[in-house]
Amino acid sequence: MARTPLVFGLGLAVALLVGWVAFPRVLYVQRHQPLEFRHKTHAEKSGIVQCSECHAFRDDGTFAGIPSIAICTACHSERIGTTNAEATLVENYIKPGQETPWLVYARQPANVWFPHAVHVQRAALECRECHSPYGESDEVRIYQLNRVSGYSRDIWGPSISRLRRAPHEGMKMSDCEDCHRRRNVEVGCIGCHQ
Amino acid sequence: MFPGIDGFHWSLGHVLFLSLFFAVALTILVTVVSALWRTARDFRAHRAIELCWRSAFAELPDTERRCRHELSGRVISRTCANGFDCRQCSKHSQFAVLPARGIVRDLGLNYPADRFYHRGHTWVRLEADGTLTIGLDELAEHLIGSPDFIKVPGVGSEIENNETAWRIEKNGTVIRVRAPIEGTVVGVGGPLEGRYLKIRPRRNPQDPATLRHLLRGAEVHGWLSRELERLQLQLRAPNTPPSLADGGVLVSGLMDAVPDADWNTVLADTFLEG
Amino acid sequence: MASSVLADSRWIARGAERTSLPQFLLWLAPWAVVLAAGVYAAGLCLFYGLNQTNMDNRFAFGLWIFLDLGMIALGAGAFFTGFLVYILKRVELKPILNSAVVVGFICYSGAIAILMIDVGQPLRAWFTFWHPNTHSMLTEVTFCISCYLLVLSLEYLPILLRNRQLRKLPSFLVFEHQLHNLVPVLAGVGALLSFFHQGSLGGLYGVLRGRPFAFREGFFIWPSTFFLFILSAIASGPSFLILVTAAVEKVTGRRLVPQELFRRLGFISGVLLAIYVAAKSIDTLIWLNVTSPSVGFAPWQYYIYKPFGTPILFTEIVLLGLLPAFLLTYPRSASRRRWLLTAAALACAGVLLNRFVLTVQTLALPTLAFDEFLQYTPSWQEAASFGGVIAYGVIVYSLSYRYLPLFAQPKGQNTHVPGN
Amino acid sequence: MSARYGMVIDLDRCTGCGACMMACAAENNVPPVPRATPRTGLTPMLVRKVSNGGEGVDRREVFIPIMCMHCERETPCVGVCPQQAVEVDKATGIVMQMPQRCLGCRYCMTACPYHARYFNWWDPQWPAGMEKALNPGVAVRMRGVVEKCNLCHARLHSATQKAAATGKREINPADYVPACVEACPTAAIRFGNLADKHDPLSLEVRSPDTFRFLTRLGTEPKVYYKSKEAWVRALAESNSGSGVETKRG
Amino acid sequence: MKVTRRDLLVWSAGATAGLLFTPVPWKLLDDVSIWSQNWPWIPQPTRGPVDVKLSFCTLCPNGCGMRVRMAGGWPVGVAGAGCHPVSRGALCPLGFAAHQLNWHPRRLSRVCYRGNTSSWGEARVAFTKACGEGPIMIIDGHPGRAASSAFETFVQRRGSYRVVPGQETRALAPYGTWSGIPAAALGYDLENAGTIVSFGAPLLDGWGTPGRLTRLWAERAAGLADPQLHLIQVEPSFSRTAARAWQYVTIRAGGEGAVAEGVARVLLEEHLVPARGPMPSLTLVEVAEQAGVSTDAIRDLARTIVARPPVVAVADDNNPAIAALNVVLGAVGARGGIVRRSKHIRQDVCAEAAIRGMRAVLIDSTVPWDFVPQTDAEVFRFAAWDGGSTKADWLLPAPGFLEDLTDVPTAPTSGMETYAVAPSLAEAPTEVQSAAQFLSSIDPTLVTVDKVIHTRCSEIFRQRMGTLWGQDVTPVAKFVSVQKLEEELWKGAVWIGEPHHAGGLRCQLNDWPEAIGPARTSNASPPWLVPVLPSLASKLYQESGLRESPEGRSA
């Protein structure tokens, strides 16, 4: 009669293994950025200190997000390095005047209105509070695309259980809400959805 | 739904509503889990077989649940309430003192007097070495004839009273034969050996109480005549009146001889399927 | 007929006389066709969206909501019988209990299936659980009918496990036994849930401040329709059970329950119906004279549009309310099977008419001075889905009747009498 | 102090040209689904023609733009939504419909006495390539959800953003004008903050010519109408079916 | 060990229980919901910087000022530009969805020769051949543009240039005939009128520059019992304008001219006006008979209209009787009446439907689709949208809304002279050419549109007259260079000429002209000049029932 718990346990174990280990690998597709862009190297070599020097605000208060190729061209109009990425940048994007098809880790869907101006300029939040200190590292992260929802993994956060995640990890609505609750800022649906 | 989820309010109505919901959900969950747990407990405590038999017994037609003392004529009418387990019957000893009214008569079947008979048409014979031999009685053998396939339990396995002891396959139908008594299987046989199982009983075979629930002697006749009567009713050709109870001797291999009968019912009634 | 040709006889309870398999399949075939058409229509609605229906921005609810409300009202027999048997210990109703559970299960699962097609985004329907608006009657309905369907499934499970083949598995049989022991708990929970969602379904319309035809004042947070719906549901539930049982008796040509039980159910139904009619009349008078005028709507204007004239109100309250209530309780009419069945049918029709008026007339009536009275005819997809649910019910009930012990029969009956 | 945005629609000035409908639909990315019928289309702003039923010189007609009235109290659609997809925004008083939360049960549509809510019966479709001409500030609604006038919240967003960029908390009222208000060629639709006593709108709503529809339902709509013609004002509370001739699709 | 069915069942039970304690069901539930919120087949708006540009609507000759919102380089929204002194920030309903027109399903995207796909090269060869073989005609819809100038230059030695005028322009034709001043130089000084009597003109429904009338009406007439501006509508049907007019006179269809005669007779007989003649030929009884109104009503109307001078009568189309009424009223060449707004415009020759003796006819995309010439000449039809059946041999895809540089001359009914430049804001499909570009490719020496615009700007600068209305109002005299002026115009400013002179226009009537019945039978919809409506407009009109369905119109 010890057979039944054994078989049951086996099913349980297989399910747990599949759910926790295999499932996240299947759910997310790994994509590489078109270029190996290193934040730290750029900061050191060009003397850029502020994020907003490249990730700028426009005059009407909107946030430009990832800078356009024009900003890259300012320094890289000709090859200034020997790496493959440098060659790709100059040959594939700068010379034809084409925008780099960056994969945006923090991209929210069309129904979300996230005003950087309100958070950064009015509430004076640091970029790293939401975007992690990625801008200070030399890491080139792999972009993970959720096959079902089409979202970047950063929206859910690196932990599949969403337990024990760092404050900057996760960009789901509940994360926004948590932060708002902590800071006692109340907004209705209209405040963040368009 | 939970604090921290968008739309949760710490308002009285909201909390009350959700509390009620969780209470209901919890009640349902507890009900299911406790039913499961009780099921598992029954199996652990070996009550499951008993429960199954009780349930099957409850499903039997009234005619199949007659008390042995009614069959033997000691009482006019009585339905068994103990699943044929006279060892648990408080009334059994009272009936035993009543004189038997029936006369033992040859029904053309061989029911040796040294055997004890179970209502599921098995017999038990006490051997000298303290083991019990179990076989299918003559009526059942006549019914089935030569089986297509039999499946007996392995040596060393435990069987419980009224649990399926072995299975007989005949013309695509699986017949589950109920065990007449509990014990450990020490030997197996088949129709050719004249016995199906040899078991070591769990209780002391010398104690009369061990085999008290089985029919023996004069009781067998009353029971058998009722069974034969039922069979005749069930096996007659459609739209013919029932023939008399003494309508001759049973042929062997009735299932082959009368293939159009409602064998489902016949076998279920005969082997106490429930 | 020779029983051995019944290929599925091993699955049919011993002693239960059932028609031959081919004949049974012949009976199921047309229903299966209707069900298939319904599934196809539902598939169209899910795949292409609700433009497949004839509902529109003004007639945002249509045939399906009427079906939901009607089925849930008639399915009230399940909880109410359970309540009577297990809580009030009216054991004489026990023979019909299993049948009542199956009827309830069919009504509720059918209603939920239709709801899932009816909502535009079924994939997000779980948001109601995750972000519930507890002020909404619909939230209450969603929670309660989901839970109650679970309860009904658990009540249905023991019946299912009593199938002749399934019960051969000891674990199933023991589980059935243990679950059956706990069914009174489920009956209690079911009664609680039903009380709330039957009421909330009424509240669904009663709270519509913007629709003076439906809007009602009430007690605490519940408009009067909340209580009227509970009453009308428990009044019509037993009547529906009478109808279903009578229909099964007609189809199978057997007497399944003692006729005394019919009278008993009819009496319960009749008394409750009488109470309901009284409450409904008082409510209508209050609404006509106080509630509606207070929001600026003269009551006469609800009834100027054909076909929703005052006759419909009369029909609902008198012809399909008072009359069956009388017939069901008056001993001389109640003791005649034909009268009893007619009365039960009238009672059920009355409740359906009530649900129809509340769903359809509410939406058809104008609110703004320059609104027009609207008409709406269901599309074939709506009608087919509707038919599909009915067919689903018939099929599930037929299968249950054939293979499960729906009506507790006296032991040994028919056992020795071969079928003909 | 939170704002309470509202409108006054001067019916005497409305020529029924439909510019408000068009501007609203273009601003809010309303799809021109060819197969939609007059009763299954999306018209968050809908101009209806109503006449007094007279003939010849006695005939009077009025055009009534109907939109979400943004009821302030007992908002009929808010209480009924099972999953909080509708709310009255605390900061602005806008009755907000969230299509992403909506499950499409349409209960709110039956609750709305103004029929100002619309269901996306169809998949949103535009002629090929026209997605380039969509307003980036408004998400396209998917099939199977309810939508309505959200008082051009995209414009509120732009105004908020613009204010935040200069560190301000309050928006410049000139930056937030709904599309219908902006489009009206006769300035018949006026928009403002009813909570602001100095807003011209606050004065205007107190005019004896101003009225609201179905105020007796007690929902305190924030969209007011205005007319000097008594028969038009009488429409506000008059019984439906009282013989007024109407036209719509 | 043998795997039994029971094992499988137990294993499945274990696996199911286990799965509930993994993210699989819960994460999938969430993701599927998110998927349903972002269905991949739902169009997504473009992301990118948003920008507002000033421009002008080029769908009709009125050229209303527009603020065009651009996102990612494409127009995504249109609103009225308040700085435009004529349209004053108002647009007609179509304008609000005009930016969507370029993606209309009936947009023309390839050259067609008699129903078959052809190419620009072949069209060019055919047209060049035609030019060599005989006279050609170019028909223009919006005269006075830089492109019109190029057309006229092209046909100088090759044939003739004709214009298809709008109804508003046609209504001014009698004054042109009587005064000798081109009708294209005339306009209405409605801003100063005290009473406007409209004979079926849809004044509040897209007449002239739509915003001009609606703004004027809203400011001076709407909702007042005795407004400063009396708007009297004389019309057979209860139109939108009639519904909103201060007074509405219902007449029999085609009775407009008769009513005008009757009113003139009463005015003259009762000496309500200084004028003395000539007396209309119809008696009041005859008028009442023809127009279906009582004689008393005509007398009342006459007395009412003179109660608040200045009075001007507006005809829906070329109707000499109504023009004669204006002469009787003294409204011609007077403040608040018909005025001459500019000096230098010459009369355009109107295109007749029957065209003879031509080898080829080129029809510009500005010509209304329903203008179908009856001719044996080879027809080259430019159009951005396919309006249905046409008799053109060549169907040539033209630039759509804001896809082509054009200038915007004075609007037909305007009381003041204006000039503006509408640069191309949207990228045109590659297969598209304007008529002017097409002609340039045949005759490379032909003057180009931007050159003409430059010349015109220089002319304005040289004359140092008028004012520029843009972000600020600047007199032309203040500009230091033509470049600065041109830059402002390209950014969306409007040049306004000198104020019109009340004098300079005289009409003398010797005989009462014969009344002409209405040219149009139905005035339910305004004279849209685009063959198709924006899809959104079609939809909204259909759904609101406000206007007749466009399908019925274009068929």
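What to note about this one:
For reference, chains read A, B, C, D and E in written order, and residue numbers begin at 1 within each chain.
The criterion applied here is as follows: a contact is a pair of C-beta atoms (placed from the backbone, for glycine too) under 8 Å apart; a residue touches a chain by one contact, two chains touch by 3 or more.
These numbers were taken from a predicted model, which means no experiment stands behind them.
Graph distance from subunit A to subunit E, where chains that touch are one step apart, equals 1.
Chain centres computed from CA atoms place B at the largest separation from subunit E. The chain closest to the protein's centre is D, with centres computed as averages of CA atoms. For the interfaces C-E and B-C, the C-beta contact count is higher for B-C.
Between the CA-based centres of subunit B and subunit D the separation comes to 77 Å, rounded to the whole angstrom.
Computed centre separation for the pair subunit C/subunit D is 40 angstrom, with centres defined by C-alpha atoms. Subunit C has its Cα centroid 52 Å from the Cα centroid of subunit A. Per-chain Cα centroids separate subunit B from subunit E by 97 Å. Listed for subunit E are residues 32, 35-37, 44-45, 50, each touching two or more other chains.
Those residues of subunit D in touch with two or more other chains are numbered 37, 41, 48, 83-84, 100-101, 123, 137-140, 142-143, 158, 248. Looking at subunit C, residues 121, 124, 127, 130-133, 135, 139 sit in touch with two or more other chains.
Listing the residues of subunit D that touch subunit C in their complex gives 35, 37, 39-41, 48, 50, 64, 66, 74, 76, 79-85, 101-107, 109-115, 117-123, 142-146, 213-214, 216-219, 234-242, 244, 246, 248. Interface of subunit A with subunit D (complex): residues 57, 60-62, 109-111, 113, 115, 117-118, 121-122, 186-191, 193-194. Subunit D contributes residues 10, 12-19, 21-23, 25-27, 29-30, 32-34, 36-38, 41, 43, 46-49, 56-57, 59-63, 100, 123-140, 142-143, 158, 179, 182-183, 185-188, 226-228, 247-249 to its touches with subunit E in the complex. Per the touch definition, subunit B reaches subunit A in the complex via residues 4-6, 43.
Residue ranges of subunit D in contact with subunit A, taken from their complex: 87, 89-92, 94, 96, 98-101, 137-140, 150, 153-154, 156-158, 160-169.
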